Amino acid sequence: MAENKIKVSIIGATGYVGAELVHGFVNHENVELVHLTSRSFKGQKFSDIYPQYRGVCDIECSDIEYEQVAKDSDLVITALPHGVSSVTVPLLLENGAKVIDHSGDFRYKNLQAYEKSYKLEHPHPELLSSAVYGLPEFYRDELKTANLVANPGCYPTCSLIALAPFLKQGLIDTDSIIIDAVSGVSGAGRKADLAYSFCETDEAFKPYGVVGHRHTSEIKEQCDFLSGTDTKVTFTPHLAPFKRGMLATIYVRPSEKLKSMDVSNEVINKIYSDFYAGEEFVRVLPLKTYPDVKAVNGSNYIEVNGCYDPETGLVKLFSAQDNLGKGAALQAIQAFNCMFGLPETAGLKNIIRGV
Amino acid sequence: MAENKIKVSIIGATGYVGAELVHGFVNHENVELVHLTSRSFKGQKFSDIYPQYRGVCDIECSDIEYEQVAKDSDLVITALPHGVSSVTVPLLLENGAKVIDHSGDFRYKNLQAYEKSYKLEHPHPELLSSAVYGLPEFYRDELKTANLVANPGCYPTCSLIALAPFLKQGLIDTDSIIIDAVSGVSGAGRKADLAYSFCETDEAFKPYGVVGHRHTSEIKEQCDFLSGTDTKVTFTPHLAPFKRGMLATIYVRPSEKLKSMDVSNEVINKIYSDFYAGEEFVRVLPLKTYPDVKAVNGSNYIEVNGCYDPETGLVKLFSAQDNLGKGAALQAIQAFNCMFGLPETAGLKNIIRGV
Amino acid sequence: MAENKIKVSIIGATGYVGAELVHGFVNHENVELVHLTSRSFKGQKFSDIYPQYRGVCDIECSDIEYEQVAKDSDLVITALPHGVSSVTVPLLLENGAKVIDHSGDFRYKNLQAYEKSYKLEHPHPELLSSAVYGLPEFYRDELKTANLVANPGCYPTCSLIALAPFLKQGLIDTDSIIIDAVSGVSGAGRKADLAYSFCETDEAFKPYGVVGHRHTSEIKEQCDFLSGTDTKVTFTPHLAPFKRGMLATIYVRPSEKLKSMDVSNEVINKIYSDFYAGEEFVRVLPLKTYPDVKAVNGSNYIEVNGCYDPETGLVKLFSAQDNLGKGAALQAIQAFNCMFGLPETAGLKNIIRGV
Amino acid sequence: MAENKIKVSIIGATGYVGAELVHGFVNHENVELVHLTSRSFKGQKFSDIYPQYRGVCDIECSDIEYEQVAKDSDLVITALPHGVSSVTVPLLLENGAKVIDHSGDFRYKNLQAYEKSYKLEHPHPELLSSAVYGLPEFYRDELKTANLVANPGCYPTCSLIALAPFLKQGLIDTDSIIIDAVSGVSGAGRKADLAYSFCETDEAFKPYGVVGHRHTSEIKEQCDFLSGTDTKVTFTPHLAPFKRGMLATIYVRPSEKLKSMDVSNEVINKIYSDFYAGEEFVRVLPLKTYPDVKAVNGSNYIEVNGCYDPETGLVKLFSAQDNLGKGAALQAIQAFNCMFGLPETAGLKNIIRGV
């Protein structure tokens, strides 16, 4: 049976993104997990590190050579730090595997933007042009033939899904896009760090990376592509005391075109509904209902809606996703489905949480 | 396709137990959900009340006659208050449906114990003898032919799975079983109640129902059955600031038989491993690893382990489950699988949560 | 001894704001609490409702006539809903008490703005001109002689402390002030409401009142006063899963004046330091350190800082306070100190929380 | 002014216990804080590490010689690990300071019990006999003349306050005392440890140290002293997802003496009321009201009550305290008040938290 399945390996399987990839793939009937690599937990079962998975995924973590991982797999997903991915991914590609990478290393077309944001020289800039930005809603066709997919950042996914209908259709001024966003603690990764301890995080709320957070340039580049102009993006992330989830509140000015449409809550809602008709994972909420991270917890869904403030003439756009779901691992599985000709919802539709 | 599926309806579908039943059944490929009834939310879509399910379960809640619900369904699951179930369930049975009931009304064989604990006269005591107590690990065979299943209480499930190997094999004194247990807030149900508001519940921890909690007599009756003696059970529940989950810490004295086995952590662990060999949903943890509600969150799994205190000669048993999972809705689905000849894990094995 | 103390009564003492007033006043050596009124809890001790205060404040709650409350008190603090305060406060004033009111009823000078925001006709508009807006940092002198103080809203306090130095000195464009803010759950008050239950609130985060929230017009009016112009204010509140605390992230454009000062993080920090020099409760944070609700939990402190985004030319301002502290009850005590000629820090300086 | 104050220094001031000591002492008008020592944060202000205290306690942390700390102080409080205290404390005493120590090193009279529990050889066993166990409710007189006070462990304080009336008066069997207890996360201290990170701790609940937790032998020794017999104590701690707080649920058998008193909830309540009459910090709750960690959050109060289970003949005792308050730092201040002839409530009575 397994021989008909697509062989997938995960490099860096024991971080939160890696674990969420495992979560998705054990529910995916077309996939066989081959290698789970982890330097820290070599020789331990995945379910020793994440006991939720006892009896569900008891694969032993290994640190076998990356070349071998690639040879044994149809797809390798890398959950590695930036700067490490840029060296590792070419090796995997050379050894015949397709790759979805979770770092920032292959998300940019503009090399300078990457090097400025990440303060690194890119060792393989030649791969940037062929790497596909893994947002299926925008790059579905490119994904079908991609060998290398750069899984988008969590904040970029959340922001771009909210902004795209307006940017693509010239409905907003592109010189003042303000994105105020909030992430759950899992966004910081799985690590021993006092700043993310329960006693320091619970009953706390604060901004961070207030100027020049790396995701700013990633969002901007995609906004440029979506609008065909040079956009200006202001972005502020905040850390909130919940495990998973992300919400973006976006402030934009309607363009003359949108003004001429008699901008209103109804018009904004219809723009979303029309643009995302047929998209399985983008939930355009009913009029006057706004996104809540609770409603997308644990899933690949993203919610959007917007409103018009007649007092100030501003438009507010809102989106909510799970930072580990649509914001990371589950979106990677959506992209994987595109890459391998599977229904885009395979293994994903019923991954939700109730209470 | 749907005509081959088993038709299931849920009465009281919008409480937390009802919603968790929906959660399980939308992941169950052998099931077609027919009616979701709700007095409070009649005419609204299930996903209007639980927006997590937009696009996943958009069935409209109704308040159609219970007779009709029964006629349209192979199985009806009732998530009704005690005292209401005892009147409703007979009506459903008469109209041809099998029933799994979530109240305390059909859990007892001893009518007096029920009436004393619930302070109600039972209108249909004749049903008590044929009702099957829905713990598949103990009553698997009876479930196969049951028309009426009484889904066990959350605390009883958690306590009994931990105690059963010791009670059945005469390994502990039955005159002093002390169960100290903790539940998440969802155990109180979905309702507007100041006591369960965020500001009153977060950073709080307290005992409740400290004498005569109803689940005490339910646990005692099953302990009597398991041991074949008249047991004495002391039980104290506590409310903890998490949504889902339940942990029991149980203090018992080894019997002469257990003492003669050179009781130790290893012996206790082996008793569990032997007794629950082959049980898919009972996780006997490795030696010196103890249950954590985090590891069973959202799932039908229950974890057990125990230890021996050489200073005092007491044995401690531990178990952890999700109060809405193995403690309520997902265990009902496990029982449903038994009732309808399906593999016991159908629709359940991969319902887990990672981070 | 008590005869030298200032007699204070609280109307509506058992809500969260009322309770926080009690908290502050039992620590205030110049104050004797006379009456705590509560319709819901008449005849019960305050410490029966808030058991934290057993042995600290065991005053019996009463529902005695408001006239009598006023006659027995030097100051009455009202924690009543808007529309109720506007009728009650005049009665208290007539009977000789000074009043600090927590509703929106006396916060506006512009009657139309109030009536539009609150959708009420004001029964005593003649009181609006003499009522003092209870922000001591701006209206310290007026408070000294005030008989009626309108305690500011929580969001307005948080926003205005952050904006004031820039508005007063012409440093920002006044036609596009964007305030994105977050509140803890206690902001919704003490009540049985499913929306604020633990299971619905924990692991949730969402915007609310996204257009036309009442505090918008209150903020705007004070921005007008501070700047001497007609300002445009966009405001979006969010609900976050913590009990207490509020954070505002504010986006503004530097005016020509600020641009000419070579706007930078350092310049913004100095503007704050200079403006709030000597203010005991406004903490201007060190350069590149930003407010966190954790650091002001339980106290009357408010933290501010800001930064400049050279990529977009925008200035971001941040402030954090406790919504029940500086945002409500403790600020009322600060205003009380002004009204009665006490040191502004009396009873307040050491009300803080550690871990 | 300061010259009339008692000079207090804290060694290890930046852990959670140290910080709570600072919290208490800045509210204590008879105390001048002299040195706050911290190896990790030498040269930083206390308020840089705990920004809550900006403007309240800006003392610079130092690592000056312990001899000098002792010479400059009337009292030195040590918040050091066990094994370190046993070496440091004698040095402080030799240099003329009185000492309150927070480790386990001086809590035992029985050297063997200490060395077995802590797996250490004690370098200064000669100090054990003169060290006073810092539970003011039991050792008030001894504290008046003590030079060295061993501040009790958090679990021991919680357990002993609940048990003492029964042990001292021969009201319970001493051969089977079962203590089931729960602590908030701050009990683990301030450190970077994955196990206490938000994502691993929230929505989790588990036992730990299930056999042989060090506090077991400390509790047992004091139970022996209180009862005058050789007691048997079974103890199980659990970790719960709140920052601060501790609850003990204790199961005991009534002795013949208690049985002859017609044991009932009322009788148990009266035993507590009589025993703790006049104790400022022990709150005996009203009949049928049971302790909640919420009600003692942030304070030096401890709540107790109990009940009788007529079905099994067992007595349950409950107590709740703040693990950093009565369970650690604030109890140390209560002991300090005794040592220096101050009213026992000095600086402590109004340290409470509302919402």
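Think of it as A, B, C and D in the order they're written, each chain with its own count starting at 1.
Methods note: contacts are C-beta pairs under 8 Å (C-beta built on N, C-alpha and C of every residue); 3 or more make two chains touch, one makes a residue touch a chain.
Keep in mind the model is a prediction, meaning the values are calculated, not measured.
Residue-numbered contact pairs of B-D overlap by over half with those of A-C, the repeat interface among B-C, C-D or A-C. The interface with the greater number of C-beta contacts, when A-B is set against A-D, is A-B.
Separation between the centroids of subunit A and subunit B, computed from CA atoms only, is 37 Å.
A straight line joining the Cα centres of subunit A and subunit C is 39 Å long. In this assembly, the C-alpha centroid of subunit A lies 47 Å from the C-alpha centroid of subunit D. In subunit A, 16, 186, 199, 202-203, 241, 243-244, 292, 294, 297, 355 are the positions where the chain touches two or more neighbouring chains simultaneously. Subunit B makes touch with subunit D in their complex at residues 176, 178, 180, 182, 184, 199-200, 202-208, 210-212, 216, 232-234, 236, 238, 240-245, 247, 249, 251, 265, 290-294, 297, 307-312, 314, 316, 318, 320, 355. Residues 16, 185-186, 190-194, 196-199, 201-203, 241, 243 of subunit C are the ones touching subunit B in the complex. Subunit B makes touch with subunit A in their complex at residues 16, 19-20, 22-23, 26-27, 50-56, 186, 190, 203, 243-244, 280, 283, 285, 289, 292, 294-299, 301, 303, 324, 349-350, 352-355.
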